[in-house]
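Have a look at this one before I ask anything.
Naming follows writing order (A, B, C and D), and every chain is counted from residue 1.
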Amino acid sequence: MKVWLTPRNAFVVALLAVLALLPVYSALTGNTFMVTLFTRIIILAIAAVSLNLIMGFGGMVSFGHAAYLGIGGYVVGILAKEGIDTGFIQWPAALVLSGLFALGVGALSLRTRGVYFIMITLAFAQMVYYIANGLDRYGGDDGLTIQRRSDFGGLINLSNRTVYYYLCLALLLATVYFVWRMVKSRFGLVIQGSRSNDRRMRAIGFSTFRYKLTCFVIAGVLCGLSGVLLANHTNFISPALMHWTRSGDLIVMAVLGGMGTVFGPVIGAVALLVLEETLPHLIGFVSYVLIGKEVVAAKEYWQLILGPMLLLIVIYARGGIEGLIAGSRRG
Amino acid sequence: MTKRFGGVTASDNIVLDVTAGELHAIIGPNGAGKTTLIGQLSGEIVPDAGRVYFDGREVTALPVFRRSALGLARSFQITSLFLDFTALDNVALAVQAHAGHSFHFWRDAREEGELREPARIALAGVGLAHRADEIVANMSHGEHRQLELAMALATKPRMLLLDEPMAGLGPEESARMVQTLRGLKRDITILLIEHDMEAVFALADRISVLVYGRVIASGLPADIRANAEVRQAYLGEQDVVAEHG
Amino acid sequence: MKRILLTTCAALALATAPAVAQQKTVKIGFVSTFSGPVAAIGNDMRNSFELALDHLGRKLGGLPVEVIYEDDQIKPEVGVQKVQKLIESDKVDFIVGIIWSNVLLASLKPIIDSKTFTIVTNAGASQLAGEMCSPYVFSTAWNNDQTPQAIGLYMNQKNVKTAFLIGPNYAAGKDMLEGVEATFKGKIVGRELTVWPTQLDFSAELSKARNAKPDAVFAFYPGGAGIQFITQYAQSGLKSTIPLYTAFTVDSLSLPRLKDLAVGIPGAQQWVRDLPNEANKRYVNDFRAKYKTDPSFYGSQTYDAAPLLDSVVKAVKGDLTKKDEMRRAAEKADFKSVRGNFKFGPNHIPIQNFYLQEAVKDGEEFRLKTVATIVENDQDKHWQKCKMPK
Amino acid sequence: MLYLIEQCLNGMQLGMLLFLLAAGLTLIFGIMDLVNLAHGSLYMLGAYFAATFVELTDSFLAGIGLGLGATLVAGIVLEMIAIRPLYGRDHLDHVLGTFGLLIFFNEFVRLIWGPAGLTISLPSQMLTAVQVLPGVYYPLYRLVIILTTLVVALLLYILVMRTRIGMLIRAGASNREMVGALGVNIKLLYTLVFGLGAALAGFAGMIQAPLAFVQIGMGENILILAFVVIIIGGIGSIRGAFVAAIIVGLIDTMGRVFLPDLVRHFLSYSAGSSAGPALSSMLIYTLMALVLIFRPEGLFPASSK
């Protein structure tokens, strides 16, 4: 029988509890920013989970995943600008377009492998990035403010901060659950088999290309959803949404949390973004303890610590945070 | 069939006919083009000229996975498994490959009896039943070879292409493998590539000799043993091979 | 340390300002760029703001001040997040700063939605002057196209018949080129927009300019890009053959690096370090004494924000909930600007003079110097689009 | 026509710069199988070193020389401390680890040199344009860059094709195991190659610095271009890098020159002005995607060299 009370599961449950109760804490303390910050974290976690689906389980390292954030966001933004506020059109359109883009990119990119795959996905993302830059009507380089969040009639009011937070959390959990089911299904086994040994998969009779392409499209749609949510959250979209370093950030989240585990990317997203918020204060605090005063300037150099940390994680903790919590079983 | 790699002709006008139900062995020195031949038959390598027929049907243009679906299975000379999966998972994947399409996203495949049961049977068939839940990376080389065979079998093939299943096995493991193959050859057509002459002559119904991409002889084991050209071209070289191996 | 600062300030306030009923601090969120290649601009703004607070005894309207500095990393989406944090988490009374038009445009919605009183001290996106104007948002800077309009006028005075325009491809860049086109009476023989902020090498565009054989070239490149552009302009041999006119390209941050290369290149600006008024003399002299360098126009605009806020807090006697009274007070612009005369238009954008500045060598040092006044009391042309609630 | 020649020279100059970066990148990639996102940081470090030494010595050439040495040392130290543990890992680990290094170097440079950036002043005789053909004027310094880089490319060619080290490098690029089997000190070879790549990148940074501006993050965008170059050229191939660098340089320049005007024919003037630069930036990525679709191993795969 499986043991359910592992340190890992305890941690996941604790994290979920914190996420679920956050708006309560925020309401009690009056610090509404916590909800804003964590809405963003949750949305990016969806993107990281989707990236992890193709990268961690399918072995397809996409260096252009931020493109879907952009496509999802821009569909919402452009439709809103053209006066179509209803989410019943905006959301499906965004998801379909993300999927179609993934279909095109995947069909062309999946012929290559290894670093060529990394670079060709980057190339396609850069193309979308520059297209967005050239969209003069929609702000070009400067981006576009979305005056109203997607309208779902009386169904749900996205402008309510708490409602929106719980919607995003629910979508994250749905995504995680869906991915969890999927990786255990026949489809998921084919994807993981092809990461492990693509040649053998074909020899035993799988058309791995089709399955990988399907997986690529699913990940694209999920990340497009994340883009839709992000655009609604910030009320603003710009090409910066899909700058190549953003794709890098998503990879960092997936790996930091623990690649190839379903919940890992969520942990990674929370860890990275919380670290980003707190590391400056941490440095300030350490300098206060060490030399008796807070060195304000030192707080700006928090990335000096983040960079080597990433390298150390790559070298010494390949299972990411998940791996550390779960012990050495995942290696 | 002809295949050239740059200036090297790996398969030079090979004509090979494997009859249903027989175990046909291919022998030949290193570099004779044996693995290339299997590659062309299984569909991984496209011949520059010539045709491949399977069960009376031309399959020259079919990709690997389609030939596999027709019942043509292969094993690999260099162990090629899913190292981070369990033994049972490996075989179950092979079963799954022939159980319709795999666009099932919801049901837990590890709970599906129709995938797991045939896999367990195939594992038992090669004597690995007790190792079913072991991660493949932790298993021995001999077990890997057995597992290779189990995977090929799990696809319920009508013809097996075996690329040196005995390579790197100890005498005891080899004997077990010969035993297993002997059990199989009644039901399945087998094309066997092997260096282990003892095994070849023990198992084969017919033997073809491949040297520098050409079939120089083909016939019953006894004829091959007697063939002067073969002795000179191949068996004479066996000493050298033996020194290495 | 924040807490220590707070207590000290509170203690000071207690000792010196017993008149103020509530012992409240004024919380200011300061958004600028403190990392990356343009951190110099953010630092100059911060230094100027700190100096202004020093000049005011670290108090606004008698209340102690706490400033929270946030770095937007030149990214609009980071800027938005920082602005949201300041409003929601730190619950600041004022937001000050913002360099980039795109960061401003991204942040404007949360600012307006939350009615946070904001002083923009650089970004001059024309939407702010027009359709997106807000009762609680003021600018101590300018609208993007005002400065190039002044340069266009100056080019007319200099009898320039044909011009080649070049700038970066973002909101401000496009506004700048349109600004020149609005006032320049000669013929535009070429108009180039380059990729911003990634394109560093202007060789192809400079070859185009040479090929077009214009009487003059106009360029807008803020920050580090300005240094690149002017250096390459000189290297291509164009500086001696085709005169270059600029806006926001030569400033006191780039001058120490450009040195001789910048001499003789005219630019328009609403403030120059040598403007002859008392407030400015005090600002420039104390800035030089404290930071050993000249302040830039970015700094001057930010410096002005402090006395403006001082007048606002004074007007409501520290009760920062009276937003409408605060707004009326700010609209009066009752403070001594380093620019001399200073007043707001109906859209809360300054109406001000624009000067022609040039770099000169002063001993070992290079300095910017006022050469002429190009336009007086210039108002942006977008104010009619602004539907400011009464 | 004369104008076209001038623009071709501009394209060449960009191509030469890309080649310097791509050569190191492709060697490191080809031999150690390492994806190095921090290569652009070495470009930046080279520029900062050179700027510092030019300031100290008051001599452009001495500054470049010392800067080159410093970058070489920095590259070797970096390899020994941070890069070595990454060999043999998969590409994802490389991307992530060197992404971390890239972040680190940006902050490190800010800590040492401050956020404002530096400039390298050219000797005044360089601040002029010369007549290269009747009617074609070209900035002298850019001409110097083209010629110097051609010399470097030639030296590199001789090093790779005519020396023992070069033989090992070539062997390493096409068959890594073989070099190990030859009993060569692989560690030393790797360190040397990385150092050489670092020096080339640093050199690119320092010769570009007088044109541009020495600033944090200056290597990032050009690094992506250099990656495009080595992918198009074929990983591990110096010759491929050279040809692809020139192709990318020319296409990028020509795109910037002609596309905006072309787009303006179809769209409004202002829409064309902003769509033009965006489209020309897309060109090279489109080229890379096309190359990968039709020749997944690049134009000059290392094994066929």
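We adopt the following convention: a residue touches a chain if its C-beta (ideal position, glycine included) is under 8 Å from a C-beta of that chain, and two chains touch if they have at least 3 such contacts.
Please read these numbers as outputs of a predicted model, since none were measured by experiment.
Compared with chain B, the chain whose C-alpha mean position is the greatest distance off is C.
Remark: among chain pairs C-D and A-C, C-D carries the greater number of C-beta contacts. With centres defined as mean CA coordinates, chain D is found 48 Å away from chain B.
Centre-to-centre separation between chain A and chain C, using Cα means, comes to 36 Å. Each chain gets a centre from the mean of its Cα atoms; for chain A and chain D, those two points are 31 Å apart.
Shared interface positions of chain B, i.e. residues touching 2 or more other chains, are not present. Looking at chain D, residues 110, 270, 274, 276-278, 281 sit in touch with two or more other chains. Contact of a single residue of chain A with at least two other chains is seen at positions 133, 140-141.
All chain pairs that count as touching, in label order, are A-B, A-C, A-D, C-D. Considering their complex, residues 31-34, 36-37, 40, 133, 139-143, 145, 147, 234-236, 238, 240-241, 284, 288, 293-294, 296, 300 of chain A touch chain C.
Residues 29, 35, 82, 85-86, 89, 91-93, 95-97, 99-108, 110-111, 220, 224, 227-228, 231, 235, 270-271, 274-279, 281-282, 285-286, 288-289, 292-293, 296-297 of chain D touch chain A in their complex. For chain C in complex with chain A, the residues that touch the partner chain are 1-2, 34-35, 71, 75-77, 80-81, 84-85, 87-90, 101-102, 105-106, 108-110, 125, 169-171, 195-196.
Of all residues in chain B, only 42, 44, 63-65, 68-69, 73-74, 76, 80-85, 89, 92-94, 96-98, 102-110, 112, 115, 151-152, 155 touch chain A in the complex they form. Residues 3, 6-7, 10, 13-14, 110, 115-119, 121-122, 126-129, 137, 139-142, 208, 210-213, 215-218, 221, 253, 256-257, 260, 269-270, 273-274, 276-278, 281 of chain D are the ones touching chain C in the complex.
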